[in-house]
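Alright, structures below, take your time with them.
Two complexes follow with chain A in common, the first pairing it with chain B and the second with chain C.
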Partner chain A sequence: MHELFLTASVPNDDLTRAVRILQGFCGMKPQAFLCRRLMWEGPRLRTGLKGIPGDVISKQTPAKQPLWKTLHEQLVRQSYVVALVYEIEKGAFGQSTEQQDERPNHSLPSTCDQSPGTLRWNELPDPVDARPVNTRAMLQIDNERGLCSTMKSIGYRFTGQMVQECYRFINGNVIFDLSRYLQLPDDSQASDYNSPLPAFETLTPFDEENKWILMISVRVVNGKDPDQAQQAVSELMTTRSEFEGCFNFHMVARLTMDTRTRMT
Partner chain B sequence: MAYASLTPEELKALDATRQKFFQLTSSIQSLKNDLARTHPLPQWSSLQVTTAMLSNYMDSITRHLAEHSELMNKVVVYPSTNYPGREQEGLLGMLLRKKLEPPVEALVEEAREIEIKNPKAVSQENEEFADWAAGWIHQRVATAAQSEMVENFTQDERIAGVENVRTGLRRKIDLKPPKIASEEEESSEEEGSEDEEMEDAGLDTAPTRPVEFGMGTVRKNPNALVRTEDDILRFATNGATSAPAAPPSTLNTVWSVGKKAK
Partner chain C sequence: MSTTTNSFPISLRSWPSSKNSDATSLSTLFQRINGERGGIQGLTEESLRQEIAAEAETKMDEDDTSENEDEDEEQPDKLRELMEAKGEMLGLLESAYVSSAVTLDFLSLLQSKDNPVQAASTMSQDIKLAVPTGTLGADKLNGPQINRAQMLDNKRIAKGWKVQNVDKTIDSILNAATRFKNEVESETKYWEEVVSVSEKGWSLCRLPSERHTLGVRFGFLEASMTFRNQSLAALRRNADGSIFLDQGFTGSEPKILRVRVQVGEIYTGTSQVPKATGEDASVESLIQQARNTIFFTELWQELNRESRNLGGADVKATEDSLILPLNSEKRIILDLVNIADLEAPAPQEDDHIAQGLCLSLQLLLSYAHRQNHRRRTLPPPPISGQKRTNPPYNLLRPIITRLGHQRTVNTLTTLLRDLTSLLTSASLEAKFSITHNQPQLPSNINLANSERTILSLTERLESVATFSPNPSTTINIILQTQQLSTGVSQFLLTVNPDSPLTTIAPHPNWMVYNIEAITEYVFYATTSVLSASIAKTLYPLEGEETPKSSRGSEGWHLTIQPNVLRKNFEGGTAKQMIVDVSDHPKKGIRLRVGWDWMRLDPFGTSTGKALDQERKSKGEGVYEWRVKRKEPSEGGLEEVVRSLDDVVEQAGKWVYV
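Then we have the complex of A and B:
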């Protein structure tokens, strides 16, 4: 599967306006969600990667085995940073210190490992060619339990986590994701994916200016198919031109979204 | 002089005509100015008020002209013998012109055509609306009678005494009349809740209402840095909080090694 996309940044002051505009454009209420994103880094090896062992793949349900096999092919070729995404409720956050004594701490009902999550692998975006949008191969395995153990078992290392706050709109085949990324306040909490989340109020935006990123994307089953790609490109370009003067959608330098494990 | 033959009343009527036309034209002019100059456009409510005023003026002019139609028909305008006709020929022509100006004539023609083509268009629309409203109100009354009314008996039955009414129903019916006060309260509550519902339903579109979103405020990190869009994307994609120290060429090498390994 391939994802074709463009991005724009939205200052926090313009958020309300942006949401209203998108709401009107797409004719829908935003789907608001919060995600806990755990980043897992592959072994720092250039060769001799093991990928995903056969027994792990064979443990998966038959429907998902092809996805795991494709993932294995990618992870054998190259070591990547892979994200595990867990959708969370606001109740999953802890209480602030004043409230803590009164009410029990509503941490995640179970650890991330026991909750269903999504594994998301992104390839480094393709080199810039004639296409006016970024393209990257991607793979998403939804609704899986025990992802953390699986990642550990294949030699991946947990490197950090963040909370993504996102408003999603959909118009035709175009997905609009208006997101910001929040950091956990305490390093010790950030470095343990099993620790409960702190109070939402204590999270801090990654960007001091609290900018939001608006990404418009179209997913195609096969990005190498020129017809599919062309349709996705034309939808994105139409969207871009409709928002000209409002959101400045543009391409991203491919190395910005490099997901390969750094060999340092 | 020519106007000597007009009575004071007739003169008054002519002057009133002039006044009314003056009011109308100046209102139209000010509306045009408003539309051209104000940015954003005037509020719809003020446009509506202006339109109502204009239509009032026109209505009053029409009535006035109809009232004095006899006079208007017989009055003839012509210049005095001492009018400097040669020097002021243009003005004279304008003042005495009886035909409509060409653009105005075109507009009048257009309006007449519309009138001829569908003389009943407006009344048809009204009829349709009335039909729809009648259908709707029947349903609404039925709903109200079946599920919203709290009164079990008619006024006549109440006067005759509810004990004597043979309802033929086995279930028990509340014989007490519903309290008027509570009914009012209920109905006002209902209206209130309806209003709320309507407000809620308008949530998506009402432009003045703040959009319901935002999980809450977050704390500002005193040590946070101003990040570029690229930084944020990098962080989101691979969790890196800083740009890679390695030059792109190294990364490219890694990439090619990766390819070879395949």
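Then we have the complex of A and C:
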């Protein structure tokens, strides 16, 4: 599967206005959700990568095994940073110190292995060619349990986590994702993905200006097929021209979205 | 002027003199007639009158045709007019130019005496050649003659002009002020009404075509594209400020879906038809009516689209209506009608059915809209080469499914109830029950309560019936109906494992798809169970014979056919008994037990009462229990209904022949 996309940045002050504009444009209420993103990095080797062994693949649900096989083909030739995304409720965050006395703690959230999560693998975006949009190959395996153990079993290391706050809108084939990335406060909890999340207020934005990123994306089954790609490109271009003057959609430099493991 | 005579042609005819100006003098008349007609031969008063009449007619025809051809000739006429106007304009311009050039030349000639240099620059070449400079002079003759009286007069005139103009200005300002006041009033009224419309919940927006006009969106966002495009109406202002709804050329007459129940040729029920709102009704009611119209128009279109796939479910479409069967006697007719054309019909007995169906169709369309909303707010599947189809909504399908399920349940209930009462009348313990189960809904999607309700009423309908003809046996029938099979139910039979049926008459352990097969099995199972309850053993041991003095109910055993029992007596004779449960379409379900001696020759030749007597004397007979479908109460003495055990006892007796 390929994803064609464009991004724009939205300052934090303009957030409500942007949400309202998108709400009117798409004719739907925003789907707001919070996710916990765990980053897993592959072994730092150039050759001899093992990918996903066959017994791991056969343990997965039969319907999704082709996806795992495709992932294995990618991980065998190159080591990547893969994201595991878990959707979380606002209540899963810990309490701030003032509130702790008033309300009892929520019960501890289940470990990441017990909750269903999504595995998301993105390729480095294709080099800039005739297309006016970014293109990258991607793979998404939804609703899987036990992903953390699976990642450990194929030799991947947990390197960090962050929280994504996202508003999603859909218009036809175009998905609008207005999201902000927050990082956990710098303490030892950040390195343990099973520990409960700290209070929401303690999270800090990932970039200094506290910007939100609005990404419009269209997915195609086969990015090499010119007809499908052309259809996706025309939809993105139409959306971009509709929002001219409001949001400035542009391509990003491909290396800013490099997901390959750094060999240092 | 010798120079001019060479350049123009000069007419040689003299000016018409006053003497000859009498137009009716004979010589001029003759001249004219010869010119027009070429002579006066054959000219009579009659012919002249006819000619005039004919001319008048052709002129009228021409007018008519010219009107008809107006549109065709309009274009060339306009072109000609344009050309003419252009020519005229050019001519006027040219004459204006010429006169101003002549004036310029004259004045510069005048000036040339006093100011030759400046004059020479403004004189044209022609006049320099024609007339030498300095040849024209002007002198003042008299001094200004304006005296004091005239000056005062002039001043008064000037004042008068000023006063007049100031008055005019004041008037126009006052007019402007009144107009402005009226405008403000009407605008305020307009905006009050607009605000009231908005407060009622209608969404207002700018019209995409005329960005300075407000429009109200009365349609549905989840409807199909054609209807979404028609769902905007402009709110325009009348001269006095009141608001009116302008639907443009998509506006049509108010419509509604009408559901009627028909038996044979007579309509026995109609759904409600509201009154049309008048022209002067409030804007909100007009908007409401427009919304209802577009809803019903869409409903009608989607019903028609769906009915093309439902031919197998007996849904027929005619030019302007849809017909589907309700039960064996009644039919439902659906059509889209203008409200203005209908009057309120008189109340009839099946009105509630028609109204209920109309409401459920509207609910199902709203549910289809909700499903559209769900589908478009979920991340779409990635673009592939395949086109996405647009399947028709499920509007009639759930209704047909539910009707089919209810019909089957009714049939099953009647069957089991009749059987139970039949068996009870034979003093057997039989019972039955029917329960309706809650359908299992998918739990992973968040469904609103309204969606759950609709789903549970129309999808995966399930009922369970249990029937025990005998305490030893219970037959379970699970009846399921799904939308996909549009009303065709499927049955699953199970029997409790310790029943004799498992060995004698095993049930089909696959899905059965028609009620007749179920009915047949239930009858068959009942007879088998009854026989099994009479017979004590399955097959006789070799040579076993029942003594003649034993009780009638002993000694029966089953044969290969589960409903035939046999009893071997000492001495070699044997009696057989047949148990039968069946359904006669007119006479109802009956249980029949017949017994006779086993012999090779058929019954004797006597018939009727004699046959009965003969049978009794020989120890043979027949007994029937019956449940009628529609029971009229019969007068007269009724025979006491006997129990099965009594009958078996009588059948098994040894009668010496």
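Descriptive notes on the structure:
In the analysis below, the second predicted complex is superposed on the first by the 258 of 264 C-alpha atoms of A that agree within 3 Å, B and C clash if a C-alpha of one lies under 4 Å from a C-alpha of the other, contacts with A are read in each partner's own complex, and residues count from 1 in each chain.
As a convention for this text, a contact is a pair of C-beta atoms (placed from the backbone, for glycine too) under 8 Å apart; a residue touches a chain by one contact, two chains touch by 3 or more.
Computed from a predicted model, the values in this text were never measured in an experiment.
Taken together through their common chain A, the two structures put chain B and chain C in a clash. When both complexes are overlaid on chain A, the residue A:Val220 reaches chain C alone and has no touch with chain B. Of the two partner chains, chain C is the only one touched by A:Gln231; chain B is not. In the superposed pair of complexes, A:Met263 makes contact with chain B only, with no contact to chain C. When both complexes are overlaid on chain A, the residue A:Met1 reaches chain C alone and has no touch with chain B. In the superposition on chain A, the chain among chain B and chain C reaching more residues of chain A is B. Of the two partner chains placed by the overlay, neither chain B nor chain C lies in contact with A:Asp192.
Once chain A of one complex is fitted onto chain A of the other, the partner contacts of A:Asn173 are limited to chain C, with no touch recorded for chain B.
Of the two partner chains, chain C is the only one that A:Gln31 touches; chain B does not reach it. In the three-chain model built by superposing on chain A, chain B overlaps with chain C at stretch 182-190, while the rest of 182-190, 470-478, 506-514 or 524-532 show no clash.
On chain A, the positions that touch chain B within their shared complex are 7-9, 15-16, 19-20, 23, 29-30, 32, 34, 37, 39, 41, 46-47, 49, 76-78, 81, 83, 90, 122, 124, 159-162, 164-165, 167, 179, 181-183, 185, 200-211, 213, 252-253, 255-260, 262-264.
Put simply, chain B touches chain A in their complex at residues 204, 207, 210-211, 213-221, 224-227, 229-241, 244-246, 248, 251, 254-255, 257-259, 261-262.
Of all the residues in chain A, the ones that touch chain C in their complex are 1, 27-28, 31, 168, 170, 172-173, 175, 218-222, 225, 227-228, 231-232. Against chain A, in their complex, chain C makes its touches with residues 221, 373, 376-385.
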